[in-house]
Structures are given as C-alpha cells and as structure tokens.
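Both complexes below contain chain A, partnered by chain B and then by chain C.
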Partner chain A sequence: MSNVVTPAILHALLKGAILSVQLSVLTYGLALLFGLIAALMRRSGNVVVKGVARFYIELFRGTPALVQIFFAYFATPQIFAWLNRLVFEPLSGGRVLLPPHLSPFAAAVLALSLGYGAYLSEVIRAGIESIHKGQAEAAASLGLGGRDIMRFVVIPPAIRLMIPPFGNYALALLKDSSLASTISVVELTLSTERAISYNYQPAMMWAAAAVIYLALSMVGSFLFSYLEVVADPIRRRRGRPLTRLEPVSSGDGEGDA
Partner chain B sequence: MSAQNRAAQNRAAQNRAAENAGAENAGAALIALEGVEKHFGSFKALRGVDLDVARGEVVVVIGPSGSGKSTLIRCINGLEAHDAGTITVDGIRIKDTRDLAEVRREVGMVFQQFNLFPEMTVLRNVTLAPMRVRGASRKMAIDIARRLLDRVGILEQAHKYPEELSGGQQQRVAIARALAMEPKVMLFDEPTSALDPEMINEVLDVMKDLAAQGMTMIVVTHEMGFAREVADRVLFMDGGRVVETGTPEHFFQNPTEDRTKLFLSKILRH
Partner chain C sequence: MTRARMKIVFGAVLAAVLLFGGITSAADLATIQKRGYMILVMSGGYPPFSLFNADQQLVGYDADVAKALAEKLGVKARLDAAEFSTIVQGVQSGIFDVAVASQAYTPQRAAAVAYLDHPYHCGGAQLFVPKSSNVTGISQMQQPVAVALGTTYEGWLTKNGYDFKTYKDDPTGIQAVQSGIVGGLVTDLAVGSYAITQGAPLKPVGDLLYIDLANVTVAKDNTDLKAALNKALVELNNDGTLKQISMKWFNQDIVSRCFDMPITTK
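Entry: the complex of A and B
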C-alpha cells in the first residue's frame, strides 16, 4: 500500500485541486464581468451595440467549450503573429505587442470566461427583465432618475433572482475547468492522470478525483444557498426580533448589515 | 367639437390667463389638459381629452375598462407619453424628459398593485425618494416618514418588509410614500381594485382624510360610494373620450348621456 498513496501523490492531487479552484474562481469573476457588459449592451438602444452583444452570446453559446479552449491555446499563436505583423508593428513603429502564445492557464481562463460570460449575460438580462415594470414606474413617478431606479429599485431584487442560476453555472464551470487538462493545465484532472501513471490505480484515483470535485461543488452549493439567504431581507432577519421604530438609526443600520 | 369641449377650453383659457397674471387663487387650474390623444399602435386610448383640475379639487374618473381612465392619469405624470395635445401641471408643460422629472416631483401616484419596493423596509420605501430626489437628510426624511406613516396608521410596521403586510397596509404605505415627496397633486389608479373587500375601507378612509385636508386628487375608481361622498366632480369616460362630467349629485341622479345611464345601471344594479 505504501507506494499506492504516497505523500507525493497526495501533494499532487492537492495542488491540482487548488489550481482547479483558482482557475474556476478567476474564470467566474471574469465571466461575471463579461456577462454584465454583454447584458448591458443587449439592453442598449443602439442597434450595433446590441448586435455585437448578440453575436458574442450566440457565438459562445453555440460552440463547444473544448473547441473554444483549443482555439484559445492552439489558434492564438498564429492569430497573434498575423496581428503583430499586420496591425501592431506598422502602428507602433516596429514593436511587437502581442506575445508569441498564451500560457495554458491564460488560454483556459480566456476561453472559459468568454464562454460562461455568454451564459451569465442571459441570466443577468433575465433577472433585470423579470422585475415587474410597476416597480420602475413607481420609482419614476416619485421623481427618481434612471440611474437611481436601476441602482435602488431594479438591481437589488434582480440579483436575488439571479443567485440560483448563478450557482448552477458556478458548479458547471468548476466541472468544465477539467477541460483545461487537455491543454496541459495541471489541474485536478490532469494531476490525477499523472498520478495514475505512477501508481497504476485508476479506480481508486478517479474515485478520489470525483470525491474531491464533489466536495468542492458542495462548498460552492452551500455558498450560493447562503447568498440566497443574505439577499433575502426577510430570511436574513429570521430569528431576530423585529426592530421597533424607537431606536430608528441603530435599528435601520442593523437591517442593512 | 361638442359644446362641452368648448366650455372646457374656455375654462382652460381663463385659467391660463389667471395664471399669467400671477394669480394663485384657489380657482386656478393646477392641471390642464387640452385635446390630449394617446395611441397604442392602432388603438386610440385617448381621443382628445380636455380637463382642468383646480387646486384642492377632487376629481373621480369612472368608466368601463378600456375607456382610457388609467391612460389619462398615466399621461399626467408622463408614465405614458401623449401623442397630441398639451398637458400642463402647475404651469409646467410636459414636453421633454427634463420637464417630466420636474412634474413627477410635484405629482404623487398610487397604483393598483401598490408597487412597493420589496427589498426595502416600509421606512426605507418612504424615505428613498425624499433623500435621493429632494436631497433631504436621513434624519429629515425619517421624520417626514414617521409623521406620514403615523397619519396612515402604519407607524408600528415601519421596520417590516412589504410582503409582511396585508394589501390594505401596503397600499397605505404606498400613499405615505407618495406623500413624502410633498406633491401638489395625487393621482390614484384604481387604488382599491386589488384589495380584499374588508381592506378597501381602510384605504378609502386615508384618501377621504387626504381630500378633507385639501389635497388635489384625481382618482380612477369603481368605488361609487367614494365618488358620491368625496368627489367635487365626477368624470365618465368611454372609448377614450370624456362622455359626461358633473357634480356627484348631477351625475348619479340625472345623468344626461345614454352611455352614462347604461354604465350606471350596470354597476349600481345590486
């Protein structure tokens, strides 16, 4: 048994798991940013801006994540070389601006974040559009401007609606991060494969990898359940007595915390 | 053009003249509509409505569904953009968005579905607009909110969230929220139509109280009792036009138009 589960193998799995989490968290953050931008662009009145957003969403929803990752890793060197030669060198007086290639990690982050950004933009758009028009009308009739209406009246309840689908995509992304193994990012899947080539225990090692993914998913799942509670003002307050009006300032502050 | 429309226009002209002369007497029209039209695609929701509302006047608008009553009051604070005619509120003519913001500060609105902000406590619902739009300090806004919530009988619920309140309580909060902007006019769009019967009166009582204190109000409602008791003038609309207008006595006892009689016979039968 001693050569089956060595400290080196445990260490490799741990490092792989950490890299999977890093890759997923960074990718998800960027995906939220891309999704937000695309959702705002889709709500724009400008046809071109709207069209660009639609094109982006359709392109990335309609192609496999694996193809996107291969494109980001294997196709970019060629494209970067063209761009350097045809655009950047002439414009910058002979300097080469783009690197010869992306690192495997960068390529995986780029491809997955653009892909998940496309999905998340639809979640964001659906959330915003599902807020009853009457809320915005009531705010407008009180004299609030468009920005205040978004900030105070539309966004907070919309975010509450977005949290469950956000959670779904976060878990899906954690699992899709394993695709990065195909371009030699040594995350959990690839480190498992490599460990098996040392100890020849595929059953045990793949089961271990599955358990680690499951554990990470459950952490994510709990996190999003917690966010749901935090975002719901009434559930957030549960268990605490209703603040009376008398200590108005402290009571209100507590509600906002 | 009917004699009625001409009469309305004459009144409007007189009122404008009075306002130009700088007179702020109680008879001056606070709201003046002239030939207002509104289309939704090919559907004509308003076909040339003239209406003057004086300061302190309570106008109740009744009529069958689809007659344009809601559209009429939604045009007054610009929630719907009118397609023709002019709308003037307290001397400000609604033309573009800058006028709209100014008008909306002066015009409170209460909706059928309450439209409270669900993520905010009752208190925050009422303080938001004074703080963001009028630039009131937090303390000032809370003082105003407490006074108004007390007035509508809901002060002890100030730290609850809207969904924890009954429909009648929510609508009273909505009234307090609109009043917090200290509007010159209050518009009510079927404020009791979404309420359980036993909650209707608590809302109507608040509205009666408001009317008694001299608030200028335009109320779209099916509550004929309220119209009889509180209205200075009743307006009957059908097919996007004002068919008949008069005091509640005239209106309920000797309506002149056939369509008014038909409508009244349908709703007053039971």
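Entry: the complex of A and C
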C-alpha cells in the first residue's frame, strides 16, 4: 500500500487538471467565436448565409460530442489526404499542405469548440431576440441608427440575459472535456485512470477526480456570477459586486461609514 | 423526415463513404525516413507490455520492442498510446505508422491492417478472480467476467457463450472486479500476473483458456514498411534482442518458442 498516494500520482493529477482547464478555456474561447459568427449569419437576410449557419448548428447539435471527437481525430487524416491531393498539391505545388493528422489535443479542441459553438450561437440569438421589438422601435423613433440601436439598446440587456446560459455551457464544457480522454489527451480523467492502474484505488481516485472537477466548476460558477453583476449597471454601481443587499443606513453605498 | 430529405441524407452518407473510402493516408517507408521518426502505437493500459511509468513515459515490453524496431530502421521512435479498440483505425488512417500493441491474429483485423510474418511474443488467455473467490474455473462463474474491448479474449468469450462485460483496458477491468461488478477478468497470463505483483487483489484460476500469439501491424498497403519491419524483427530475434527484452520484463523467454509459428496459430 506504499504506492497509494505518491507525489508522482499527485503531480499527474495536477497536470491532468491543468490540461483540462487549458482544453476547456481554449475550446470555450473558440466556441464563443464560432457561436457569434453563426448567430450573426443566422440573422443575415441572405438565404444562403442563413442556410449555412442553420446547417452548421443542426449538424453539431444533432450529433454526439464523442462522435465529433472521434471524427476529428480518426476521419480527418483521410479527408486531409484527399484535400491535399485534390486541392493543396495542385494549387501550391506541394509547398502548402495540410498535416497528415491532428494531434489529439487539437482534434479535441476542434470538435468540442465547433459543437459548443453551435449551442452558444443559439444562446446569442435567443438573447438578442428576447429584447422586445418595441425597444428598438422606440430607439428608432428617437433618431438612433441601426448600429447604435444594437450597441446601446439591444446588446447591453441581451448580454445580461446570455450570461447565465453561457455559464451553464462553460460548466458543461469543462465536464465534456473528459471525452478527450478517449483519444489519449491526458487530461484529468485519463490521468486518474492511469493513476488507478498503478495504485488500484478506484474509489479514492475517482472521488479525488470528482472533487477536482467540482472545485474547478465552482471557480467557473463564481466567475459567471461575477460577470452577471458586472453586466448589470444597477448592481455594478453599488461598487460591491458580490453583495446584493446593503444596509439602508450607509447613505451613498460607498461602503461602511 | 420527408422522403426527399432522407434521400439527401443517404446521398450525403454514401458520398462521404465513397469519397473517403479508398484513400490512404498512411506514411510509407520513404516518408518515415525523411521525417526521421516513426510513430509506434500501443495501448498503454496493458502492463507490463505497455504502461506509463511514474514520469508518464510509455514503457514495457511493447515499448522496448517498438524502440528496437525503429532503431533497426534507422529512425527515432515516437511512442503513442491509444485505446486498444481504436488502434486498428488509427493505423488505417495513418495517425500511427506501426502498432506494437500485442495484437493477436483475427481475420477481421487482417482485412483492415497488415500483419508482419512473425509474432513478437506469445502467451495465453487466463481467468483471474478476486483472491477471496472460491471459483476454480470459468465454467463456474456466476457473474460476468471483465474483458478489454476489441480483444481476441472478447471474441473467444462470445464464441464460447460466456457472460462478460467489456472495458477499455485491463486496469479498468480490474477496477470492475474490485468493485464487484464482475466476478473475474480474462486477459493474458503475463498481464494478470504482473498486476498481482503490483498489488491487484486477484489470483489466476484454471488452465490457460487458449494460447495466442501477439503481432505487429501496419497499414494494409504499406508494403515497403512491412518488408523493412519484417527484416528488422527477424534480426531482433536472431541477435537475441527480443529474448533480452523478454527477460527484462518477465524473467522468462516469451518469444523463442513461438517466433517461427504461423501467426494464425491458435
């Protein structure tokens, strides 16, 4: 039982946790970008642009993340070889070629960010569309142009509505990042599995992994709660973002007198 | 779904299959030599054939053989781990150049990847049960047994009508035995014995279920690479390297007695 919790095992878990965070943060950033692009495309007047966005969203919302990850890892080499032969080789004379395959990390980031981008685009679209048409009409009647209406009237309250679902998806993504273990990304789940293959302590090690995921998601949860406050001009102005109720006596709300 | 839509979907699936079906993306010998390293894959979850040491380096019998093969070909070895059940598709699609992953011969695998002419070690399938168990053979099992997904052990259990549950590798299967989900584990004798020395609360029971030979595989049409590896493997056997690696990990020779057997030997 001397090898139950060695420094090497703790180190492996820590490294796994760091990789899980890196994978999740990088993926979430890209997902926001894909989501924003898809949401804007869906609001476009052009039928083709709208159709492409719709196809992307349906494709990635309608297929399991695990299938997407396997596809990104195991199917892209053939697709890349095909594209190289038919497109890149003839056009560049062999100088610019796609890589023979993606690294496990890159494949996981690609698959998960496209998948979560599809979800986030719907959050963005729903947020924008949930602002009553009357608000934009009122702004227009006061003489604001289209861009200013978006910037000053629609986007600020829309963002406030988007933050809670953004937070939900961020936490879901942190947990889905464990799917990358199936293509040998040594994130927290896989490093836990490997540790168990030494110390034969499944109950303890899986509990430890769960606690680490929980701690990470609580950090994420607090971060998004904070963003909710920041995005809310009334709560933000109190200067004490995380406190909702303040004593009535403290006059200007600057804090304790 | 309307009929027209279904046609579109089926058309898209068919087009995808036709487009990507016939394309090979595996690197041939010249490409490997040019890039200076060879990517060799193993499961990483099959100790002591392949496992991760405390520094998260792939080590084991498979890892040492992989390095020796690369050295014979005059290139560096880059060792990669992948879940055993995904190794064949990884070799097919060229993500890995060579699998040194203790793969036994099956006609289905032989249709997907190419085997070298000689096995590189042999062992046998063995039932392991918890130390406290009274079972003395697989026919007495009241509960299903654990087995690694996509292995020939799984095929054997299916063919012989035993109840089993699949796990992605043996360490995961051992977890299932420990938690009582399954009554035992079927794997290679050497693998189970090694796990016991490392603290797994198991014991082998009954005779070997059958003997199997483990092989190196490459992509189907990679004939140059296959020929080079065949030559290298024979050299490694003749100069005693394989035996030496075997002694290092098992304290016994698990190569010589079967090296010249046909790879389809059961």
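FYI, the second predicted complex is superposed on the first by the 234 of 257 C-alpha atoms of A that agree within 3 Å, B and C clash if a C-alpha of one lies under 4 Å from a C-alpha of the other, contacts with A are read in each partner's own complex, and residues count from 1 in each chain.
Here is the rule we use: contacts are C-beta pairs under 8 Å (C-beta built on N, C-alpha and C of every residue); 3 or more make two chains touch, one makes a residue touch a chain.
Bear in mind that the values here come from a model prediction, so they are computed numbers and not experimental data.
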Touched partner set for A:T182, first chain B, second chain C, both or neither: second
First (chain B), second (chain C), both or neither touched by A:V47: neither
Which of chain B and chain C A:R194 touches, first, second, both or neither: second
Touching partner for A:Q78 - first (chain B), second (chain C), both, neither: second
First, second, both or neither for A:T6, with chain B first and chain C second: second
First, second, both or neither for A:H101, with chain B first and chain C second: second
Residues on chain A lying within both footprints (that of chain B and that of chain C): none
Residues on chain A engaged by chain B in the complex (per definition of touch): 132, 134-135, 137-145, 148, 152-153, 156-157, 160, 233-234, 242-245, 248, 251-252, 255
For the chain B and chain A complex, residues of the former touching the latter: 77, 79, 101, 104-105, 107-109, 111, 113, 115-121, 123-124, 128-129, 132-133, 142, 146, 155-156, 158-161, 163-164, 174, 177-178, 181
Interfacial residue positions of chain C with respect to chain A in the complex: 19-20, 23-25, 27, 44-45, 47, 51-52, 54-56, 80-83, 86, 89-90, 93-95, 169, 171-172, 174-175, 178-179, 198-201
Residue ranges of chain A touching chain C (in the complex, touch as defined): 1, 3, 6, 8, 12, 15, 70, 73-75, 77-82, 85, 100-101, 182-184, 186, 193-194, 196-200, 202-203
